[in-house]
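First comes the structure, then the notes that go with it.
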Amino acid sequence: TRVRLPVAHSFSTTACRQLIKPLTELPDRIKPSFVPQPCNTLLALQWPAPPRNILITKKKAVASITASLIEFSQHLTSTYPSINIILEPDAADEVHEKLPFPVYTCTPPVNPNSTSPHLSSKTDVICTLGGDGTILRASSLFSHAASVPPILSFAMGTIGFLGEWKFKEYKRAFREVYMSGAHDAYFPLSDSSSKTSPSYASMRGKSMGHQRTARILLRNRLKVGVFGPTGDRINATDQEGDTYALNEVIVHRGSSPHLKIIDVFVGGRFLTEAVADGMIISSPTGSTAYSLSSGGSIVHPLVNSLLLTPICPRSLSFRPLVLPAETPITLRLGEKNRGREVEVSIDGKRISEGIGVGMEVRVLGEQVKDPISGEWDGGVPSVVRGTTGMEDRDEDHWVGGLNALLKFNYPFGDQDGQGGSGERR
Amino acid sequence: TRVRLPVAHSFSTTACRQLIKPLTELPDRIKPSFVPQPCNTLLALQWPAPPRNILITKKKAVASITASLIEFSQHLTSTYPSINIILEPDAADEVHEKLPFPVYTCTPPVNPNSTSPHLSSKTDVICTLGGDGTILRASSLFSHAASVPPILSFAMGTIGFLGEWKFKEYKRAFREVYMSGAHDAYFPLSDSSSKTSPSYASMRGKSMGHQRTARILLRNRLKVGVFGPTGDRINATDQEGDTYALNEVIVHRGSSPHLKIIDVFVGGRFLTEAVADGMIISSPTGSTAYSLSSGGSIVHPLVNSLLLTPICPRSLSFRPLVLPAETPITLRLGEKNRGREVEVSIDGKRISEGIGVGMEVRVLGEQVKDPISGEWDGGVPSVVRGTTGMEDRDEDHWVGGLNALLKFNYPFGDQDGQGGSGERR
Amino acid sequence: TRVRLPVAHSFSTTACRQLIKPLTELPDRIKPSFVPQPCNTLLALQWPAPPRNILITKKKAVASITASLIEFSQHLTSTYPSINIILEPDAADEVHEKLPFPVYTCTPPVNPNSTSPHLSSKTDVICTLGGDGTILRASSLFSHAASVPPILSFAMGTIGFLGEWKFKEYKRAFREVYMSGAHDAYFPLSDSSSKTSPSYASMRGKSMGHQRTARILLRNRLKVGVFGPTGDRINATDQEGDTYALNEVIVHRGSSPHLKIIDVFVGGRFLTEAVADGMIISSPTGSTAYSLSSGGSIVHPLVNSLLLTPICPRSLSFRPLVLPAETPITLRLGEKNRGREVEVSIDGKRISEGIGVGMEVRVLGEQVKDPISGEWDGGVPSVVRGTTGMEDRDEDHWVGGLNALLKFNYPFGDQDGQGGSGERR
Amino acid sequence: TRVRLPVAHSFSTTACRQLIKPLTELPDRIKPSFVPQPCNTLLALQWPAPPRNILITKKKAVASITASLIEFSQHLTSTYPSINIILEPDAADEVHEKLPFPVYTCTPPVNPNSTSPHLSSKTDVICTLGGDGTILRASSLFSHAASVPPILSFAMGTIGFLGEWKFKEYKRAFREVYMSGAHDAYFPLSDSSSKTSPSYASMRGKSMGHQRTARILLRNRLKVGVFGPTGDRINATDQEGDTYALNEVIVHRGSSPHLKIIDVFVGGRFLTEAVADGMIISSPTGSTAYSLSSGGSIVHPLVNSLLLTPICPRSLSFRPLVLPAETPITLRLGEKNRGREVEVSIDGKRISEGIGVGMEVRVLGEQVKDPISGEWDGGVPSVVRGTTGMEDRDEDHWVGGLNALLKFNYPFGDQDGQGGSGERR
C-alpha cells in the first residue's frame, strides 16, 4: 500500500489545469461540538457554521469505487457550492482530470507512518468509501491529532462493522451531517431564525425536506507510545508524541516461530509474564476485531475501557481482561526473549522493525469527556445511521451489527429445512 | 414424560378388536451384521433374512406426527406383508383403533428408568419420527441391551444432528434398509440366486428399482454405573448392570445454588478436584450436544474416545479433555460438599434423586469392535443417508451437519447485503 | 441458611439480662462521604462524626469464628466506649450470654428474601468475619437500601476475592476506618484542631499511632426487578422496588434437565434468543464469580459496566458481552419454554419459585456517582487493604488478587523441579 | 540453529586422533519390538539383541549440559563395552577431544530441513539431554524415517511435557532400556536360559539389580506434504516423500499483518473457509503444545486422532475439531489471499518460504498398529518413566503431567494463606 506520488506538475498553477491544490490554501477547520441528548446515549452533531472542507478517502484499486468517488464529489460541489474536496495524494492524482473543479491534497509524507499535520487543521468532515480497512486508514491519517473531524463512512459492497451507511444513501446522509446546526431542534427556547448561524441562511430557501440531526458515536482511541531499550521513542516520525489507535496495538512474534515472553504492567504494577504469540491492547471499538478472534469479550464502544487480550498464550489461565480506560498499561519485551525482533502493529499496520529485547509499548485510553468542563472532545466521531422509522429512538446500531455482521449467537438448526419456520429470529 | 397406561382392554382377544398384542407373541429378533467396506469408513448393513419386527417411536403430542406414524405403518404392512409393527404403550393406545392391523407393545415399565427386556429380544429395526430427543428416547429403550437394532430416523420438521432422513423419503429409506442383504452387491463372486436368503426370494418379482445397501455409522455408547456411598448401585431398576448412554452422563448441582466439588479419577488415578456446576462425560456423539455448550471440542463419532468436559468450573485452567474410550473414569462427590442432593442425568433424563456425598458415577466407553474376532457389535447402529448422486462416495454426512446445522465457522459479514456475492461458502 | 429465631425472652428488660435489644433503640446512622483523591482511583473515607453502630456478620456454624466474633466485639466496646454492636438474630442468640454488654438485633424477617429496613437506617459500619459468602450475605441485608454503609471484611481462613483483611489485623483495620475523618491528612490548609469533628476530640489524648485514611472501593451493584407474566413484581417481600445485587442475577434451568429459551433485550431492543442452561447478568465485581466460570472476561470493578454471560449456550457464537452500566437489560422467558419453572438467583440465593413462561428479569447498573453533583453515593463501599509500605501508592489490590487468588496466567512448568529457579514470577 | 560444520580433520584416521568417525562404519540398526501388555495401555520394549548404537542429542550452548553429555557417554561406554556413541556434527565437534573413545557422526545435511538417512539405518536408541525442544529436534532427525528408534529423554533443568526422566536417574533409566529383552518376564512358559538372546549372556554374571522392562508410549505422528500451486512438492530436500511431525504442522500469516483465508478439506470434502491468523493440524501429542494455546482440547496421546485448531479465527463459531487419524486433511491457500507469502512450520521449524496462493498442505495421521498383522511400528517410541513404587501399575504419567506441568485445573484461593491447609490436591 505504498503511496504513489502525485505527478510533479500537480501543484501547477497554469490557467487551464489548476486541478490539484495544496491543503494550505484552504480556510481553517470548523470544529463542531457534540451535544448530549436526553434519553439517548449518542451525541448530537452541532456545527457553528456549515462545514466546508471535506476529506474523502477510498479503498484503493477498485474501479467502481473510483467512479463512486467522482459521483460523490460532483454531488457535493454542485449542491453545496462552498464545499472543497480534499483527497489523498494518489487518489487526487487518479481522478483530478475527471473533475470540473480543483481538488486539494497534502504532500505525501516521507515516512509512511507519518501523518500530515495540515489534514487535521483543515478537514471539517471525513467521508470514507470502502470497508473497515478504509475507515482505519482514514483514522490513521489523524493518528497524531487530538481532535478528529466527524467521519461519515459509506460501505462499498459488503457492510463493515465500523461503517454505517450504504452508498446509495449518500445524498441524505451528507445532508444530515451538513445541516446539523442549521435548524432549531436543539434550541427549543430560542428564537431560531436569529440564532441559527447566518451561514446556514443561504440554505433556507431550498427545500431540504425534514431534517434530522446527525448522531455521533464518539469512539475512544488508545494513545500508544513505543520505546526502545534505552527509553527513546521508536515510532519516530516527523510528529512528536503518541500515536492514536482506533482498534488496537499488538505485539506479536511475527515471523519468528518461537513464543514471545512479554511482561505486562497495569497501573505501573507488574501483572504477569505472558508467554504467547503476542498481546493485544484494544479499545472497545477494537473488541470486535483482532481481540475477538483471540477470545476476547465483545465490549460496547461506550464502555470506557481497555481490553488486554493474549494471542495464543501458553497458559491455561490467561483470561482476557477489561480494564479502566484511565489505567496505563505497559508491555515490555524482557531479557528472556531469544531472537531480535518483534512485530508491533497499530490497527493492522506494522509500525516498527528490528526492535526486540527491552522494548516497551505504553498505552493509555483516550478521554473523550473533559472531566472538568464536561465537554466532549477527542475520539473518532462516527456518524451513526438511523434505522428508517426509528430515527428518534436510541436505536442501537451496535446491537444490529452483532446480529447482522458478527452472526452473534447464530441459532443452530436447519432454518431452510422442510418444516422449519424459515426465520427464527 | 410420564407414560400413559394403555387402557385395560388392550390385550383383549375378542375377534373384532385384536388390536394391541403383547411383544412376546412376536418371532425372535433377526440380528444383522455390519460389514466394513473398502474406501469407506461406514459399514454395510447385511441381513441374514428380511427384518420383520419394526419398532416405531415418535415425538409425543404432535398431531401431524401421529398422522405420519399411521401413514408410515400402513405403508410398511401393505408393502412388506410379513412385517409387524411395535409401538410404545401410549402410542399403541393412541393409534391402534385407526389401524387395520394389530400392533404390538410391551407392558409399560413400573420404574420409568427401566426398559423392557423384550424390546431388545424382539426388535429388528427401530424407526423414529421426531428429532434428536426422539432418537435419544428410542436409544434409552435399549439402555440395558448390549446389542441395539439399526435405527432409521426421520426428521419431522427441523433436521436434527443425530437424525438423517426427511420423512418424505420414507419409502426409499425403508426399502434400502429392508433390502440390505437381498441383492448381490457384496457377493460379487457368488451365485447370487442361490446365496441370497430365500426369504428375500419373494421380493424378486417386484420392481424395487435400483438397490443401494444401507450404510451404518456405529455410534459408541458409554457404560454408566451409579453407586451410593456404601458402594451399591443406585439407578436400581429391574435390570441389572450398567446403563448405556448415547450422548453423555452428567453430574450437576441442579437446583442447589452452590458449587459442587467433584473428585475425578481417570484410569483409577486421581486426576483433579473439580469445583463446578457439574461435569459431563460424553461420547463423541454427544460432543455436539451438552459438551459443546460447555466448551468442549467437536469430536468425530469415529474417534474412539470419551470427553471429560466441566460445566462452569471455578478455575481458569480446566480445559476439556479427550481420553481413550478404554479408560475408566469415575466422578465422586466428596466430603466437602454441603447439601444433600446432586442431579445425575443420562441423555437428558434424570436417573437419580436424593444422592449426595459419597456417590460415584463410573463410566467406560463401549467397544464396538471385538478386538479378537474383529466383528462389529454393540453401539447404536445408525442408518446414514446418502447425498443424492454421491451414494457411492464416502460422503461425510457429519461434515455436512457441522455446516448446515451447527453453523460451524459461520462467516462474518452481510451476505445478503447490497454488494455481497450472496454465497461465501 | 434458615434463620433461627432468638428465644422469646431476648428482648426482655429485666435488670440483670438486658442482653439483646431492638435496633430501634439505637441512634440513627451517620453517613460518611467518599472523597476522590489525586493520583488514586480509590476514594477516601470521611466521617462527619465517629461511627457508633457496628453490624458484625459472620460465617455460620464455625466455632472458631464465633470465638473471633466475641474477641472482636469485646475489643470494639472496650476501646471505643460509644460503640454499639449489632448482630444478626441467630448470632445474637448464640453469643449474647458470653458478652458483658448488650447487643442489638433486628427481628428476623418473615420472608427470607426480605431485609430489615432498620438495618440500613441504623448501621454505620459493617464488619464481616468469613469469606466471600459472608460478604455477599451482609450485602444482601442491604439489598433494598440505596445507601450501604462501608464494609470492612476479615477473611477467616482462606482469603476470598472480595475480602481484604486478615483477622489478625483487626485492631489496626478498625482504627483506620474509625479515625478516617479525625485527623488532618486531607485538610492540609485548614486549622485542624478546629475543623476536626468535636466528637473525635475525645480520641485526642490517646496514642493511636500514625493514621492512615481508609481507602474505599465503591463497588457498583445491579438493580434487579423480577416480573411475572402479568407484569407484577415477583420477588414480593415487605420492601417495595428493586433488589440490589453485588455479584449477579442469574436465570437458570435449575433442576429441569431441559434447555431454557430466553429472549434478551438490550436497551429496550431485542438482541437475541438464548438457548442455554441460563443467563448471567453480572456486575464487574461479579466478573470473577459465576460469570468467570461461564467463560466471561475479567472486568475491573471500576469499569462502569454490566456483563451478559450465557451459561452453556447451545450456540457456537454466543460470546460474552460487556455493556454500559446505564443500559437496561431484560431477560424474558418466552412461549417456547416447556415446563413451568425456572431458577432466578441473586448472589447465589434463589429469589423465586414457580415462575416460568412470561417471566421477566429487568436489570440496570447502579450509578455511584451523581452526574449532577459529582458526589459518590450508593454501591457497596469496601474498605481496601493497603500493602504494607505501599499505603500511599495506588496499589491495586485487584491485580494482586488476580495473581494470588485466581492464579491468573499461572505459568507452566515444574517450578519445584530439580533445576527450576523456584519462583518464576 | 544452524549446524556448525565439524572441523576438516574430523574424519581423519591418524593413529592417535581417531575421534570422529562416520556413521557408515557402525553395524546396522537392531529393531526392537513393542509388546502389548495385559492391563496396561503401554507397550513393553523387547530387544532381540542388546542395542549398540546410541544417538545422544543435547540442547545447544549450555555448558552444564555439555558436561552431562560427557558424563553420560563415559558411563555408557564403560558399563556397556559394545556400545557406540553417535552425536550430531556440532556436538561431536564440541566434545570429541574430551572423550577417551571415538564418537560417530553424520555429515551435516546441505539443506537444513534434510535428514541423514544413515541416522535411521544405524541408530538403536536415542537419548536426549534437554527439554521438549531437544526432543522435537531429535525427532526431526527422523522426520523422513518410517521407523524411529526408542527415545529416552532426560530433562535438564525444568521438566518438559514430552520428556520423562530426571538426569540423575540416567544409570537406572538406561539399564532399564538396555536390559528390556534380557530377562524372562515376558516368556513365562519358556526355558529362559536358552531363549534369552545370547548376546545378553555376557550380562549375566553382573549384578544389575531387579529388572523392570521399559514401557513404551508409541506417539503417532503426522505425515505432512506441502505442495505448490502447480501440484509439486515444496519442502524439497534430498529425501522424497512426506515429512513426519511429532507435534503439529501450522500455516500462519507470519509477518504479514493481514488475515489469511484458508480452505479446509476433510476426507476430500470441503469443510470450511477459515479466515484466521492460521490453522494448526496437530497430533494428540501436540495437543498440549500450540493447539492448547489456541484453545484446543487436551487429547490423550493414545486417542487415535488429528486435531484441527484455528489460530485466531475471525469467526465466533470455529470450534476446534478432533478427527479420526485416518482422515486426510488438506489446507489450501485460496485465490482470495492478498500478498504472496505464508509461513508453514513443522514442530516449530519453518519449512517453507515464499509460497502463497495455491499452496496446499496435506496431512494424514500415522498408523502405528498394522491393521493386518496387529504389529506395532512407526510413531515415536517414548520410554515412559514409572512412578517409584508403582512400576507395575498402569500409572499414567500423562495425568501426572497435566497436574504438575500444565497446572491443569489449578485451584483458586490462597493456598499459602493464614488458614489454608497448604495442599488442596
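Of note:
First chain written, first letter: the chains are A, B, C and D, and each begins at residue 1.
Just so we're on the same page, contacts are C-beta pairs under 8 Å (C-beta built on N, C-alpha and C of every residue); 3 or more make two chains touch, one makes a residue touch a chain.
What you see is a predicted model; the values in this text were computed from it and never measured.
Shared contacts of subunit B and subunit C, meaning chains that touch the two of them, come down to A, D. Each of A-D and A-C has its own count of C-beta contacts, and the greater count is at A-C. For subunit B, the chain with the farthest CA centroid is A. Centroids of subunit C and subunit D (each the mean of its C-alpha atoms) stand 53 Å apart. If you average the Cα atoms of subunit A and of subunit C, the two centres end up 40 Å apart.
Separating the CA-averaged centres of subunit A and subunit D is a span of 49 Å. Shared interface positions of subunit B, i.e. residues touching 2 or more other chains, are given as 292, 313-319, 406-408, 410-412. Chain-to-chain contact here is organised exhaustively, every possible pair of chains being in touch.
Partner subunit A is touched in their complex by these residues of subunit C: 41, 266-269, 271-275, 284, 287, 292, 296-300, 302-305, 307, 310, 313-324, 326-327, 394-396, 399, 402-403, 406-412, 424-425. Looking at the complex, you find that subunit B touches subunit A at residues 155-159, 166-168, 315-319, 404-407, 410-414, 417-420. In the complex of the two chains, the subunit D residues touching subunit A come out as 254-255, 257-258, 276-277, 290, 292-295, 311-317, 343, 345, 348-350, 406-408, 410.
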